[in-house]
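Note that the chains are named A, B, C and D in the order they appear, and that numbering of residues resets to 1 at the start of each chain.
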Amino acid sequence: MSTPPTAANAPTPRAARTAPGLDLERAALARRYHAVRARSLALVAPLSPEDCQAQSMPDASPAKWHLAHVTWFFETFVLERFEPGFQPFHPAFRALFNSYYNGVGEPFSRPQRGLLTRPDLAEVLRWRAEVDQRVARLLRHTTRPEALALIELGVQHEQQHQELLLTDIKHLLSINPLHPVYQSAWPLTSVANVPAQWVERPGGLVEIGHAGAGFAFDNESPRHPQWLQPHALMNRPVTHGEWLAFVQDGGYTDPQWWLAAGWDWLRAEGLGAPLYWTLPADGAALPTVFTLHGDMPLDPHTPVTHISYYEADAFARWASASRAEWAGARLPSEAEWEASAAALPVQGNCQDSGALHPMPARAPAAPGALLQMFGDVWEWTTSSYSAYPGYQPAEGAVGEYNGKFMVNQLVLRGGSCATPASHLRASYRNFFPASARWQFSGLRLARSL
Amino acid sequence: MSTPPTAANAPTPRAARTAPGLDLERAALARRYHAVRARSLALVAPLSPEDCQAQSMPDASPAKWHLAHVTWFFETFVLERFEPGFQPFHPAFRALFNSYYNGVGEPFSRPQRGLLTRPDLAEVLRWRAEVDQRVARLLRHTTRPEALALIELGVQHEQQHQELLLTDIKHLLSINPLHPVYQSAWPLTSVANVPAQWVERPGGLVEIGHAGAGFAFDNESPRHPQWLQPHALMNRPVTHGEWLAFVQDGGYTDPQWWLAAGWDWLRAEGLGAPLYWTLPADGAALPTVFTLHGDMPLDPHTPVTHISYYEADAFARWASASRAEWAGARLPSEAEWEASAAALPVQGNCQDSGALHPMPARAPAAPGALLQMFGDVWEWTTSSYSAYPGYQPAEGAVGEYNGKFMVNQLVLRGGSCATPASHLRASYRNFFPASARWQFSGLRLARSL
Amino acid sequence: MSTPPTAANAPTPRAARTAPGLDLERAALARRYHAVRARSLALVAPLSPEDCQAQSMPDASPAKWHLAHVTWFFETFVLERFEPGFQPFHPAFRALFNSYYNGVGEPFSRPQRGLLTRPDLAEVLRWRAEVDQRVARLLRHTTRPEALALIELGVQHEQQHQELLLTDIKHLLSINPLHPVYQSAWPLTSVANVPAQWVERPGGLVEIGHAGAGFAFDNESPRHPQWLQPHALMNRPVTHGEWLAFVQDGGYTDPQWWLAAGWDWLRAEGLGAPLYWTLPADGAALPTVFTLHGDMPLDPHTPVTHISYYEADAFARWASASRAEWAGARLPSEAEWEASAAALPVQGNCQDSGALHPMPARAPAAPGALLQMFGDVWEWTTSSYSAYPGYQPAEGAVGEYNGKFMVNQLVLRGGSCATPASHLRASYRNFFPASARWQFSGLRLARSL
Amino acid sequence: MSTPPTAANAPTPRAARTAPGLDLERAALARRYHAVRARSLALVAPLSPEDCQAQSMPDASPAKWHLAHVTWFFETFVLERFEPGFQPFHPAFRALFNSYYNGVGEPFSRPQRGLLTRPDLAEVLRWRAEVDQRVARLLRHTTRPEALALIELGVQHEQQHQELLLTDIKHLLSINPLHPVYQSAWPLTSVANVPAQWVERPGGLVEIGHAGAGFAFDNESPRHPQWLQPHALMNRPVTHGEWLAFVQDGGYTDPQWWLAAGWDWLRAEGLGAPLYWTLPADGAALPTVFTLHGDMPLDPHTPVTHISYYEADAFARWASASRAEWAGARLPSEAEWEASAAALPVQGNCQDSGALHPMPARAPAAPGALLQMFGDVWEWTTSSYSAYPGYQPAEGAVGEYNGKFMVNQLVLRGGSCATPASHLRASYRNFFPASARWQFSGLRLARSL
């Protein structure tokens, strides 16, 4: 099942002479590699083998599977191709932990990942350790830029799965009537609300997408011009308090706010609030919200999260019709979002803060600032996830990474409280189906001028 | 259930003085109204009451329902509001033949439309005749521009349902092992193939969308600028012969050509060819294709049709990788399509030709011409169906016409052999989910330069 | 597709000498044949072609399909085998109107019967007329007992479909919000209630099943001994009024009365009353019941009907626990039912009465009489439908008639207001799945002594 | 959530004077209790926490859940009612590990049992240990016969779950492409085949069901007469080799052998062999069979197992038609089975043998002996699972144990290689739906004489 040794992955002489720039790049990559790999282990530290085994729905994966799959990525796409004398840790793992790369063979059935009790967690951790040693060795010796590029891709890939690991564990724990706590510290102190305020932007031709140095996924390229109409963005995401007003105003029972597909979805699922809310029997009390810290009373000043695109879109229509100061409210396009975000520093409440929950906006130093563009919650846009003009996927099985999902998904921007900070940039495109709610998804309003 | 008489729909004095321009407009609208209403009756002339009763799938509707629903539109949105002393033909029909306008009340369950055996066809035809008389009377007297605008919308709406009536009947008849014939004349004579040829287009800022006089749906507005990269369009749609090469090259069994969602769909449905093809047991023979004229051998020179977006997209990837002259092939965006179509006359093989099947391209007078942009087959684009910047739906229940479907659908352009010619224009946006195949949908290749 | 002529179906000399007994038998059969065939036409007389086309659920069939299928039975099992020089009316009908006889070939998909708009009703009626002529000719000439036996089977088969035609049409009309009326006359006048009373039966060895002359289905044989414990049957079926008490006592919301599978079914379907009941918003009023005569107020003295086995079983448990005089109530076994019914005349409110709805019990001439054992409502028994000891299905495709349904069905006894009276006998076994409700099914209580 | 102390569970004086017989009974029960509880722990010894967590289908349960649920039974039905000053180990476990007793409250969703990662296995084991101590204490002091009866019921209940634990783990492991081994020793040595031979039985009145001393479930009572026709049973179950002949003769592709519901099931599931078989690509080789000892070549002399009722029934029809010596073959009724089994010693290849797989029949000492009536494989009967005449379920929530499953299930008799030997008796009734295959189910042929 493994690739036979060819010229491409023939032994590299031990003391390969490499350019000093390459040495620095390899060293930096090695540091990043080990930091990210260690972070994955830290994320599962609060979990039992049982917690790491279960899969709560087809869209989610077991934590153990995440740990194994990101390791599979390095073994299959890096070691198998570039390691001299490659032998797999276990020959069956190549098919077992393939997610969706048809180029690598038929993957194991996705909804049954939770049934793979073997290998157990301990064996997956041994696999991780061995692959770490072998990648480290490769990083010391290889001079092949493709190898470095694929290791970088693997690191980024593992960061994506770190966020999924957190959202999947949250979903799993939420189903348990014991409502278990992933992490007991609760870092939030509610603060005064930052009032919603429109920030205006002129129209004209802008460029969006990635260009230049630094890692980016293929779907962020090529950078290209796009014409924008004059518009405004809200200074901060919609809050839990604002969403509560929507719920209390009958937002989930009035079809006029909803896309047809959203209304059908809502009724089929019997929904009346964001995921993880428990509405009080007594309408007067605040809802309870399940978090990675257990059940908490809803904090009205934090950004609302765990909403679908359907809900975000319905909220915007309701807001536009219900409040004079929000007339014309809609979701932004991804180009509108990126044009504004490109000028801002990439910082915010990300996974690194340890909050693992959106935090209230803090009053800005200057008026007219856009707050919380990065971190806290992914912001739904009206943009369907599709190829930028001139888009080319990578060669080989890795080319299946992004392009084959370009239908029936909406773009989200800006990262969340579960995204590693070093993983984000203004051109980053996340994407999910319109009904997905288990990510830390939220919204920021926009309007045309 | 009907609207009480108010100032808005109080009796109009018989000899209302109207401006001469309005008289002309009313007269023209009356002619169009009656021509379109008569056309609907002509379309069901070959059908029995039984044919008009059945519903072959939830996406389709019975012919009788189409005849009733378009009448409901005039009764509910025009007569109920503008006719003095309005009384409904039957009070229950208001809910029974509502398609999806929540503003009018809870519609009858869509998948069960085929179970409404009462009213029977004869009663629906009586309803049509009465509504025709009453609309005619209103058209002679009203001076209210909203009434005229809603009658115009109703006429356009009925034209849309004429196309659906044909595609729904085709689907119904195809399920019957007797493979009944809707219309026995077969007007097609195969002609020499027109070779595929790229037609290049420069990039830059273009304007798309509707503006100015003439009817257009709300989703075609506002007209707005869009930046295009240099690109080329194929001179004609992909033909049945070209598609056959894709089938014979294993196109339906190789995941590398397919979007992930398309591959899952393909396998769940067990598909290996476009809808209505019967592949010969002997691979050497040509497939048989079910048409409104019965089963016919595949004509390689006619545009391929009854394909989903998934199939169109997969074909383009295969074409790009398989033929040097098609390298870079993809589907066009709707802006690319419209920018080229805007300069062309709106003519082609539409419903009016009576062919009711795509016809072969005819050799152009001049090289570099784009052929068959209008009529024959709807052309899938890569563009998700969404709101143009600044889009505003109409007020009231009619505002549910278009906007609430703006998710999980792809735009198709250009009309088909089942579309009334007078219903088309360059800015016209049709839309269907990626898996829809029962429309006369096809594709035209594009590529970036 | 038709059977080639063989010795078995070679021409019979015109003036075949037959025994006088056979002549009488043939003449009687011919009379019965024509009476039953005419009755089928009478049943569809109130229906339009549209009514005859639609299929309201997979378990039901269109009226047109019933008319065609019973004709198919005579053509396929009688004419094809016994008619000299047999030619089918239409060669495709053999597969099209096969219900489930795999021995005849792959049947057309059952849930899609409503999509067969061709042949239309008129053509099906022509087919019926032609087959009637040909069967009449065969009946004048044949001397083969198998032919007579199969014609007799076909007549009985058509009577079964007459009942299904009525129950299927009732289900179809009930879905239409117009609640159309099948037959406008309403023959019922409520009468004084006949009080419920236990009728005791000794235990011991009894014989059940069919033996001797007269038609019976294979599943009623062989007659065999069965040991019964002493028990009692209720003198009449449970009434609508008694059932209303069960509803009002929360019977549909308390799991203690329900089989586990019944409780799951109830909750999945969201049920709170028998099929065709509309519970009043105001709990004080009587429910409305949809009948073949339109919507009617519930008559408390008529036998309850359109209940599933799950509901019948739950009612019995509730009755046993709720009323001292009903302690120990359960459903009877089919042997208990038949042992009591065998002594009674086969008469009651059957299809022939024209009521097409259960009628109230009439006070008996003598105390201790079992009332309404035949007609009114089929009575659910606790007996699973299975083979009697020594059961042998018929040879050939006709052998698929009964035996292959002997799993996951419960036996019902006694016939209903939709069963032709001449079709019934004490040994008759009807059978349906535990969740079926669209038949005229009811219950009679029993208890062990 | 726990029951408040009442007179019924008030403290028992420490040195309660009890009759000597009761002392002996309590001591024997205590020994049995501890042996059975220890056996459960032994069964999970080869499993990791991950193995114990996963649930491979809604019908199966995680091993951890089995361990917890049987403990819940003792806590809820015994300690809560009889222990002075009862406090639950964890108040939430009462709802969490309730299987289906609506009398105890709303159970946790069955298909989601695999998502209960908390409590973890270690905590469940602590719970077991605590409950064991408390039950032991109760057993030393209680004088209440109901308490002893419920402890006995709990012991029997745990034995049932031991078998399920094994079949559920087998199903889980089979899904893993690594095909993990539960227990590596393979105790089987194939021996010479014991030829199939009919053993004849006279008809007449027999008594079946439980009576007298010794534990039995409520569904085995009351003992009652039943009339049998003369019949024969096969001397041993059908073997893997005989089943292979059925497969190779096209048994799974010919509808004539199958019940209608079975044929639909077969085609919907796409089945062609018993569960756990892998048919060789090369028809000549023997199939491979997944066992608790890993993948093994099919042994033709062992009883076939993991077949549904549909398959057992189809095999009997095929056997009857295909082999002269098997003419008339069918499945036995449960009364036929029990009448023969009642005279035999309850011994065979049960869980205690450690084989955990059916073993070949051994040649009998005397001709005409019925072999393998107990152990090896559960034998499907034609009898639907229903109440014996006069059946009364137990009072209270425990009354939900058996009675509420009496629909749409077939009775199996005799126990299997996974059943504890001390759990079996001739009157024991197991039951599963007709499509169930993951139990060690097989068949023995019968025929009427």
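As a working rule, a residue touches a chain if its C-beta (ideal position, glycine included) is under 8 Å from a C-beta of that chain, and two chains touch if they have at least 3 such contacts.
Computed from a predicted structure; not experimentally measured.
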Lowest number of touching-chain links that must be crossed from subunit A to subunit C: 2
Chain copies touching (subunit C, subunit D) - same or different residues, decided at half shared: same
Copies subunit A and subunit D - rotation angle from C-alpha fit, nearest 5 degrees: 180
Approximate Å spacing (C-alpha centroids) for the pair subunit B, subunit C: 47
Inter-chain centre distance, subunit B versus subunit D - centres from mean C-alpha coordinates, in Å: 60
Chain centre separation (subunit C, subunit D; CA means) in Å: 38
Listing of all chain pairs that touch each other, if any do: A-B, A-D, B-C, C-D
Complex contact set, residues of subunit D against subunit C: 100, 102-103, 205, 224-227, 229, 255-256, 258-263, 309-310, 313, 330, 333, 382-384, 386-387, 389-390, 404-408, 410, 434, 448
Subunit B - residues contacting subunit C, complex: 48-54, 56, 64, 92, 95-96, 108, 112, 114-121, 172-173, 175-178, 180
